[in-house]
């Protein structure tokens, strides 16, 4: 076996009031994919930040090729060949692919000026490694690329720096199945080229598909280390410290499913076409499809954010045509956006304020903030308590909470409005396993109370596990429908339109 | 070597106050003191065509096929005095058929802009005579020199450092203003009385000279100047400053270098429950009315706005030919006193109308000046 | 504006006139070039007007009419500019003070220091230095040539150098730039230095043009707000990362044209001000309305 | 971050809860009293409050716009327009006050509405939109009056800014403007901190996209914030006109002072955080600084320098604290 590129030994790190890592040892070898798993807050990010020089460890050593190194800045680690691909892309949308790839280390030509020709040429060379190369023009601005392609650029950027170690932090968070597969192939390519890969993910399927070894972190300590690929159950058990038998809530019984809450007939706009859709009371409808298939566009059309231009929509039997989110909310629709930080939360406000945001928005502008027609502070606190949100106080700014607790606060926001139809977009993105289960059960409880639920997710096991019925979108149309219990390949085929028409 | 030291000092922004221009010129002080006493030559009751002790030059007149175009580069109409003055000017134009076109460009108080304006006029306009009211003296000198090469130029209000213009129209000056006010205080009060001096802002030559003259006379008479404060010409600030001084002690007289905020200063006494002391204001209607209504002991030195008429008159003499006081046309600078107060108060006029406008007999009076 | 130009077209479009129009706004143009740099990194500089006053005074005091002192005076002004730029940059990047507040504070400090020592025109500029403002090369004013060269240099820096690329990166996404190894703090400081040095040059130009420096010339010209308006009208976004020099130059040209056209059309200066305000808003709305971003 | 860390920070946050602006204000008042014991007399502190009232009201309005994520640079010129306009309209007719005052308040609301509409629907950043408005309003004030004030303000109009209620027990007298200050600030503070409007102003300044998707009427709230700022400008204008009479540059510089006051009070530029009482505290502190420098007999330039230093220091300190507490 080859020598490790990176060895981290006895790493400890404390922040004021909390011990983030204690005595963690970790290594990764060339040509392997080392999966790093753990719940949110388990210390994965802290470990990576120490590796990349963002934080400094209180104790312990980091060795690269056997030599102790001290990175004081991410740039140091980058120069030594460690590249980190963060969840939030670090690309500049206004600049070209080539400019982004060589950001901060542009090749110089005469008089120290940037050698644009060489930059373009080398960009093409690097991109040639990737299947997506054909879709990318080095002179294109990154902003004009879709998310998956942007990620390719991001990885290409890491490769072009000649990185020997690439850290991928939940790289599939924004990708659909087909794109995930493309990414996996890219990872395989990198592995063959002898790059060491640290792969952080919550998704067991990706880990079983990719990982050579698995390290599980829990509460800042190593909970388990697998030198061979273990069965997924073992990983989950190590992560959460117990078995999760009832990870997904049980599907709806026939008796629970009621009359249609929402019907859509022949609706469309510039991104959607011929949408026919029913969501019944008590039912969770999963919406699958690749990125750009129109799932989010459909949600935003229903929600009035980018309305339908034609077709008929009824809500509880009454025809509706929402032109703004406000109208949709007033009509009884709620929506949990896919990007919590930028679309869901008002980060500097308190947990309670986040929970009461929508109910206040529909109360008189000059009315008292403590109490409105939908809820009041006591009721909201009760709701937050019921969801077991962990916060020092509901007066605390919400940005200090973990992703799962933040998501619950947004759910509470909608619960107080008692919507007829609730649309979840990527409800568990970036949320740890325990919290995921909580969200699934919440959705089911809501459905049982008679609401219709539309869930958009790029995580296929999640769609399969949580939904009573699965719709697959492709090219702005609903391409197929499956009952609970459909398999991943079936859905994949319908989403990509590669094989037989779904039954 | 000295300059190097200065340079080092300046680098640290430690510019020595010695660099400030000299606003305490005893010769000029004496000259203006004398001019205040002098009798002006010219028609009685029309101070805007009178002049004090100037030489006359015979203008040949311009040989023009049609009516003349007069271009006016104005420093700005950014204060009420200039507004009144500019109205005087446009009304005066109606008396001169020889002036067919009048082009007015406004520099909005910026030297840089005024230089560009003059260049524009030289390049694009077809001016026959140019009137310049310079924003500042030194900065506008080169532009005026260039203009002189192209056409006859008349300068008024502030001067320029060149004698190329046909004439420079101005009243007696800042020292004269300062002298009139301060001498009034000295006449009214005993030695050692408390005098508060209120100034608009530092650095403006016409205001600095008023202050230096006023200060000199007050000091020489043994008055106790309790403070000299800048008000920025702001009513609220003026009132606050006076209130603060009243909390600290009595004030027997207030001397002001410009009267725009005089009423606010008076109100500070009223609102704090004090008698109004001896006041030096200016010829704004609101001050004059207050003076009359409250029966104050006051004087209003003036910086007559009628000089704006004189500039047009000078231009027309250049065009038509005739006698022109040159190189300077010094206008009389009367102060309004208790004896003449009634002649100048006019409730129909706006509060910041300058009574010494010499405009009462003009055709558009009072509507053009905002009166009723 | 178009009507005014049209009715006066015959006399308006002479070469002399065009040069006069361009020459109106040299100081504004120089300042705006510097302002473009700071706005590109999502900063802003409100201290340029005071700095222009300070450097004009400094130049004219050091020169004090002596041709031999031109070089030291110019150097001193550029140094002062660089110093203020470094301070602004450090307050913004190291102390993390909102640039609007930081440079507003700096502006007050500079103006205060300046007014403490001078209250009027101080010193004088020798004939030789007046060439900067009044000299001509083949009928074209030296200052105009200088402005064009400065714009070309700025364009070259932004387009062809690593520094230029770093500026767009730091303005577009500070974190991404930092993780790419770009020392964004240093970039912010450097752009502030460029901005302040440009303001210092504008101060030198004004000293040359006015033959002396005075502590109010920057404030009188409203170079702080006008330079920002020019940059924004030129399509550079206040949020940083997008825009360029030629837009700024176009913005400057628009301002000059407005001024000249209003002068010729004889628009009363108060109405002129109203129109100017409306034009600034309209020009920015013209760009902004097409972008979907929510602004505040 | 783990939940444990959350609780830790929350606990530590509770200690320095008191806004530093009150400490600053207390120190300044102490210094003023030391310099001038007369300040403890009603004439001293009532004059101080009377003088600070317009700025305090302005800051209370400005904090709405700042919290909503914008700037309002137009309030200074709005003050000028109100004073000049009122003098033109009343024309020294005491009876005119009764319709001119509401009209001026309406004009303030109208200017705010226009600012809001430009920002919301023309998508012009508020810095530029209100800068354009500032230039335009100044021009309008001059156009309306022809460059110089044309009328007097009758005493009925000046009542609010100039008159006192005498023979009040304990304090001897209360200026009307101090009563106006208390009423307006109380109202604005209540609106900001007790009503849905206030919470939503915070929300749209914090994250306009999220607020919009949560159903917050972003444009309506933003426009309301601008209108309240405009209204506060009009009220400040009525007080200033009453205090000192008519001039054409009454309002100049007030917009920056109002922003400074709000920032001293801890309002976060670009939105999401702001407090009306603290902004008023900022305004009082700023006025106290000027008063103190006045007592010290320091010349104007020094005052500028001190103001600049305090401005930078206040924000730098706030940023430092924010980083320390990790919030």
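Observations on the model:
Order as written gives the chain letters A, B, C and D; numbering starts at 1 within each chain.
One rule holds in what follows: a residue touches a chain if its C-beta (ideal position, glycine included) is under 8 Å from a C-beta of that chain, and two chains touch if they have at least 3 such contacts.
This one's a predicted model, so the numbers in the text were calculated from it and none came from an experiment.
Counting C-beta pairs in contact across B-D and across B-C shows that the higher total falls to B-C. Farthest chain from chain A (centres taken as the mean of C-alpha atoms): B. Here the spacing of chain A and chain B, counted between their Cα centres, is 73 Å. Centres computed as Cα averages put chain B at a distance of 36 Å from chain D.
Separating the CA-averaged centres of chain B and chain C is a span of 33 Å.
Work out the mean CA point of chain A and of chain C, and you get 45 Å between them. Shown for chain C are the residues that touch two or more other chains, namely 113-116, 268, 272-273.
Annotation for chain B: residues touching 2 or more other chains are 77, 202. Touching two or more other chains at once is no residue of chain A. Shown are all chain pairs that touch, namely A-C, A-D, B-C, B-D, C-D.
Considering their complex, residues 74-75, 78-79, 84, 86, 89-95, 99, 103-106, 108, 112-114 of chain A touch chain C.
Listed in rising order, the residues of chain A touching chain D in the complex are 15-18, 20, 41, 303, 305, 325-326, 329, 335, 337, 342-349, 353, 356-358, 360-370, 372, 390-393, 396-397, 399-402, 405, 413. Of all the residues in chain C, the ones that touch chain A in their complex are 160-162, 165-166, 168-169, 172-173, 175-182, 241-242. On the side of chain D, the complex with chain A involves touching residues 1-12, 191, 194-200, 202-203, 206-207, 209-217, 220-221, 224, 268, 272-273, 326-327. If you check the complex, the residues on chain C that touch chain B are 11-12, 14, 16-17, 19-21, 23-24, 27, 54, 57-58, 61-62, 64, 66, 69, 72-73, 76, 79-80, 113-124, 130, 134, 206, 209-212, 214-217, 220-221, 259-260, 263-264, 266, 268-269, 272-273.
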